[in-house]
Structure formats: structure tokens, C-alpha cells
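Note that the chains are named A, B, C and D in the order they appear, and that numbering of residues resets to 1 at the start of each chain.
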């Protein structure tokens, strides 16, 4: 894999973008709960019947739930998992963990970030404040190191977490694949630095000149982006600020039991309707 | 000191802003070499005859040189010191170190950043890639730790560096003290997170509504800023993109030997001319 | 206002708001509708301002409406900066988060929390949301407060099934009681005026000091008006389904 | 072009540019006018493109003019992103910086560098700029190249006064020679066609392998045209004051 990605031909159809991901890949997913998640990408993973995925995200919800429901997940590394927005726990995720069909590495959100930081900084471990007294530490066999300078308290260190891919849903990209998001970037920024490759789904392309007018706002420079797709409304049924808010009825419909409900939900997704 | 700063009355005259800094303070200075440095602030430190300052900056130049020239500096923690822009070494800094009147803690730029990161992250030390084989490590008695997870190579860890103040020259602030810069923020961002307090000199104020239109571009939120001043052209004789470039003749005049040259230079500064 | 009219929903929102102190940096996060409402309520109901940051990146936002999701980007509307996730966690671990609200499924007498699992972690009866902010924020924030919509010996326990977060909450609000930390343990500060000390004791799994406890002061007119404005059509209250008993 | 017309300034700029490889992430930093010119020259003179990032935060910028300061914000003009200091250092330490240019006052036969002091560090005869990028970037970048405007036994030394940076340069360019790393030591790749192997040996403080060395290929028309365009009035060349001897 090259250090940076460049050249044309990096804008792909969603199906081509997802086809890049081998079974067994580890994948950091951007966004948080029902907000600006790479949900069209996630649904396409299901359509392509990907298996044994490792999903890395501080606050997954809909994404991890639907992937567990479809049987795509081997391992979850997460801080907090819920549907949010009054929908409570993520039921299919819960079932996957309780039944042992998926394995959980439980984190605090900040310890997961610390692991990503270690990968982004090129160091084997990252100290993280807090953690003391938490049973999570022994669960994960984390180590606590004394301050070799004798000034501070012992500190927990988190081993590096380097995802194969960071997958981000962006507000917009330019023709080269530079990435901007409106509002908070959640953990997308550190995910993009930690991962070996970044795949992006964006609402739209805008001219590079727009980016050049306020280059400070670009969250991921093009050379980190292996490839990208344009899927308007691709964060559905979640929000993508300021374009659209959560589609609550669609989430409710998704949560109905049975394979039919899942099939109907997948068929109702914008990336499918777009094509039809 | 409170965790955050708020309320009105935080916009001060430059002299009041600088008067907040006690002798002996440690101070991270923003910008790099001749670019967007808090130079009006630095000159006012000299006018107020501050002593025993500890200056922290990855790439100081004009600022550290003039402060050494005026005898304000006890200690320098820096990565690379030069005038840049074809002016070569910083002569008065060089003299201060060679004569021992100021003490140097030599860093690589990235190790200084690592120390600031440790402070910003609330951890006693920060691992930093590289460093191996450098004599700087033993100079500073830095420690190299094995990976407790047995996967990576031993890594050098840098002790936390927490400046009393981060002093930043900003492109603009709003009435609350939110900070934006045009172009690169150099190391200003991590300095603002590492320091106990942030003092800002800005080119101008703009309405908060302008900030609210693209809040993603704000580098330092108002509640980190203890106080701020408005000094148009305050980064002179350096640049402040895109408003003005380096004033090369002024730097040349500054570099002339003798107390007269210094006095003339201080008198020619925009923060003085503004008042007159 | 009659004490019996004080709903559990309103009791929690208002008592969480009362933990907010002037000028302090106060944070509300994901899955935290009641703390979100408490912060917005405090902005409206109290004279003294505070620095409100939230998980949507908002800093003193002026949301055009109040979202069902407490991490909704609407909570960054009119914010002059985006203070993103890494930033507010770092703020906390470096000791400058004055007050954070954090969820908890089980709470013990020392104010530690279980957010991970009911039953054995490895063979859970219920897999809960997980660590979230707690394990890092609870021991590093200056103060952390939580709430439970159910006050029972299942939620306020002698022994946690799993200790997700250590460090001890400064304050805990349930539909019938307000606890605060005193000498390293949760002590009863006040009880819902329609409940009683005895009821709180019966429904709490851990022992607690109640020597300074008294009935909770009724909501002020401003507190009530602020909450009414935030939940004009009562949807938050009905969604929350909080019963005193 | 006649070999004698090939100035030291142009020799360094062009040979630095020749280290740049297609598609690679290539960085130029502070106090680095010649690498800045080399990167801009490579963009103009070679068919294959590369990813040019610089210390002003620019990514493939299109500067409206060429600044005297190699960290000038002009070097971020027309850039679609700002890739700031923390970011490019992290890129390097995580192993994805293909090529970085780094300054060096003294260079030894292993390609290690002294940027700190001439004489004893604690009692320096000359206090030099200092560590800068080197101590972290030289051992972590895939390749690092440097240049010296003076080719002498003072600058290319058997033993450094202080080893600021370890890891070994991939390439070193002086006014009369190009060295590359081979089996852990600097080997002569080529010499200025107006100089000779013997001259290089005489003026170099460390021993080196020269078995594959030959005269440096003269500048192409495109290389010359690109440099001429970048330094239209010759100011960079005259400021640099680089003599072959």
C-alpha cells in the first residue's frame, strides 16, 4: 500500500468502493450513533455479504446493530453502543454479544481514542487519563506504568489500534477526494490518521476551488483517501447536518423483528432508490 | 485559576494583557519563525522589563532573539531557532546560549509537541516516535520504555510540558475571545490545550455571527482564553497571512548591532505607532 | 405547586440543573436527554451563566429546537466553535472539566457505576451500552453527576455486577431522591417531597448517611417555566416514562 | 550546457529534485529554501506528479510567487487543505512520509547529522539552530535527504561534534557531489562534471565508496527552464552565495 493516494479514478460507485474491503477486515466507522455515520456503506457491506468484520467505533449504534443482525461481525471494539434518540439499546448487537456470536472488546470512548492515537502517532501505546478503578482495564489486560520522571501518578497505557480502513461519511468532497464535514467531526479525524486506508462516502462533490477558499476546514486531505463514492442521503436513517435530520419512522421500522423488516429496510435505502 | 474563562471585560489594552504575566513565567509562543508570531506581545514584555521568562516554542526566531537581546529570558525550550527568510542564525539568542546567560533545553520540534501533548492530555509523559540514536535524549535525560504489550519497539517518552501561558497571534477574534487563524495554525492549537492560560493578540474583532457561520474553523474556543487584545499588524515585522507579508527591511534594521537599533525598532512597532 | 404534581421527569431535570454552578464548564453527552434538558434549563432559569459544552461539539449553542437525540447536531447551532470529541475528553483528563453528566445503569454506595453488563460480563444476562465516557471522565472530572429513571435496589446497589467506572459521582438524582458525595460515599441530600426518607431507604440497595437530608425544595416558577418551554408538547416527558413509583 | 556553467545553486536544487519519486509524499520544511525550490522544480520539470506537502500547511499548493522564507504562508496558496505541523510529524512517525528534506550542519559517513553545536554542546563555539525535524524525522521517514552549500571537511566529517539526528540520510547533495546511502553508509553517487572524484575525496572528511560513481548528468532543458522560472530575477541564487570552491 502506498503512503499516499493520488491520481484520478478514485471516485467509484458505492458497490466498487465496498468491494475493496476483504472479509475479515478491521474497520473504524465515522460519526456517532445516528449522526453522520457511513450507513450506505454499511448496508452495502451487508448486500455484499461481508463476513468476520472487526468494527471499531467509540459510539456505534445503528451501524453495529444492522451488521450484527446480518451476521457480518466477528469482533466489536467500542465505547458505548446504543441506538440513541430514545430507541434504547441496540437489540441485534445485544443479542450477538449475549449469545457470543460476536466478540466484544469493551472500551471507554477515550481509551479507544488513545489506541487510535497510538497508531496515528506511530507509537506502540498511548497513555490515557482516568481508567483507574475500572474493571475494563483487567478485562483487556491493560498495563499501568509509573511515571519514569517521578512526577506524576501511574498512568494506564492503551495498545495501538490500527484499523485496516477508516470509513467516513462526509458532507462533501472535491474531485480529488479532500473531505469536509459540517459540525463536529466526532472521531473521524483521528480514525483517518490511525487507519491504513480511508474510504469516504460523501453527500456531494464540490469544486476544489471551494475547498481552497477555506482550506483550514478540510478534515482529511485527499492523499489519505484511497477512494470515495457519492451517495446523497447516504447517512440515512441518521442525520447529516445541516442537510437532513434523523428519519425516526425509518429507524422504528428497521427495529421491527424478522428478516422481512431488514429486507424492506435495505430496499428502502437511498443508495438503492437512487439507482432505481 | 478557573477551568474556563467567561464573562465580559476580557478584552484589554496590550499593556494590560502583558501586565498579567509575572516575572519567571513560562510561556509558549505561537506561530513559527517570522510567521504569525505574537510579536507585539513580545515587544511589550520588553517594554515592561519582564525577567526570567521561560520561552517554549518549536521554532522561535525573531521573538526569542529580541527577548534574549533585552535580557528577559532565563530558559529556552525549543526545537529549531533561526531568523529564517535568509537571515540565518538568531544572533542574540546565539550569544545568550553561548555565553550561558540563558539556558537551553534542546528538543526536536516533535518532542516538544509530545511534551505539550502530555500536558494537554493530562498524562505525565507522552511517547514520541523517532529520537533513537539522538544525543538530545541523554542531554535531557529522557527515558526509553519497552512496549508492555510486547509488540512494538521501545519508545522514547517525553515528560509533560505545561506552560503557564500560551500566547497566540490570531487573525481574528469575536467579542467573546473565540480565535480563528488563516492558513496553518502551526503549533498554536496544542499550545492552547497544554497551557494553564491562553492570551491572545488579534488583528481585529469580528462579529460572533461570522464565527457561528463556520464554527469548524475556530481554533481556540473562547472559554480557554483568559484575555485578549486587538493590535492590527501585531505580528510585524513578521507575516500574518493573508493580510501582510514579512517586512524584510524592518528585520534587517532590527539585526543592526547596538542598543540604538533595538530602541529604534521598538519605537517603530505598530502597537506604538497605533497609540501615537 | 403541590408536591404531588412534581413528576419524576421534572424532578430529575430540575435537580440535575441545580448541580450546575456559575461560570463552570459543564458537559452533556450521548444518550443523555435529561442532562441535555438540565443544561438548557439552567441557561434559561438561572441568572448566573455557565459554559455549556456538549457532545455535538456545541459551545453555548442556541438550538432552533430541542432534539430527541442528545448528540444531535442541532445542539451545535449558533455555536461559535466546534469543540469535538477528542477536545472535550482531553479537557476532562487534564482536569478542567468542572461538571460532566454521565449515564449509569447501576450505582453503588461509593458512587461508582456499572454500564457494562447485568450478570457476569462474560456471560451477560443483559449486555448494556458499555464504558462510554465514564471510566475516563468519572475519575478525572472535577464533578460528575448521574441520574436514574428507576429508583430501586436493582439500580442503586450494594455491589455492582461490574465496575465500569470508578471515582464516585458527586451527585445522583432519581425520581424520588438526590444524593451527593460526602466523605467518599453517597449521602442523601434530599427526597422528593411526595416521598419520604423511609421510602428512599427501602428502595435503595446501599446504606447511606441521611443526617443532613430534607425534602427537596419545590421547583421555582422559573425552573418550571424553563422546562415547560423546552418540552412544550410534553414529548420528552411522555417518552421518558418516569414514574415516582 | 557546458559543465562549467552549472552553478552550485542549480546543482543542489536540481539534484535534490531528482530524489523525488512519482506519487510519493514529499515534504519541505523551515529554513529549507533549496528543498522548497527542488519540490517546486520537480512539479514543473517532471511528467510524473507527486504529493507535495510543506511546513506552511500547503498540499500541492500553487503559490502566487516564490517566497524567500521556506515556511511562508504563500506556500499554502490554492491548497485545498491545511496539513498542519502536528499532522505532518505524525504522518512521518507512523511511517508514511516517503521523502523529507532536512537541514544539517555536519554530516558523517553514516549520514547522521549535527544541527546543534560546533564544539562541546555545553560550551559551544557556535550554537546552531538545533534539533528541528531531524531527531524524529530522520529515523522515521522512509527517506530523508539533505544538502550542504559548503563541501568541506568541516561539514562532511568523520565524527560529529554532536549527533542531533540518527538514522542516516538517503541522499546528500553538495555543490560538487551527490551521495546516497548504500549498506548503511554514504556512497558517492555522482560528482559535479566540473569537479572530479579526487576533488570530492579531498574535500570530504569521511571515507566513502565510490565504485558506482560517475559524473552527474547535466540538467535537462526542462530542469533548467523550471529553475529559471522559479528564480526569474536570480535573487535566490545570489542570496544563497554557493560557490563550487
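Just so we're on the same page, a residue touches a chain if its C-beta (ideal position, glycine included) is under 8 Å from a C-beta of that chain, and two chains touch if they have at least 3 such contacts.
All values reported here derive from a predicted model rather than from experimental measurement.
Chain pairs A-D and B-D differ in how many C-beta pairs are in contact, and the one with more is B-D. A straight line joining the Cα centres of chain B and chain C is 40 Å long. Computed from the mean C-alpha positions, the centre of chain A lies at a distance of 28 Å from the centre of chain C. Residues of chain D in contact with two or more other chains: 57, 76, 82, 92-94, 140. Annotation for chain A: residues touching 2 or more other chains are 121-123, 128-129, 182-183, 185, 215-216. According to the touch criterion at the top of this document, the contacting chain pairs are A-B, A-C, A-D, B-C, B-D.
Of all residues in chain B, those touching chain A in their complex are 118, 121-129, 143, 145, 147-149, 151-153, 155, 157, 159-160, 181-183, 185, 214-217.
Those residues of chain A that touch chain C in the shared complex are 32-36, 58-59, 78-82, 84-86, 89, 93-94, 97-98, 104, 106-111, 113, 128-136, 139, 182-187, 189-190, 239, 241-242, 245-246, 248.
Those residues of chain D that touch chain A in the complex are listed here as 23-25, 49-51, 53, 57, 59, 76, 78-83, 87, 90-98, 140, 142.
For chain D in complex with chain B, the touching residues are 30-31, 33, 55-57, 67-74, 76, 82, 84-86, 89, 92-94, 112, 115-116, 121, 124-140, 162-167, 239. Of all the residues in chain B, the ones that touch chain C in their complex are 2-4, 6-7, 119-123, 174, 176, 178, 193, 208, 211-212, 215-216, 218, 220-223.
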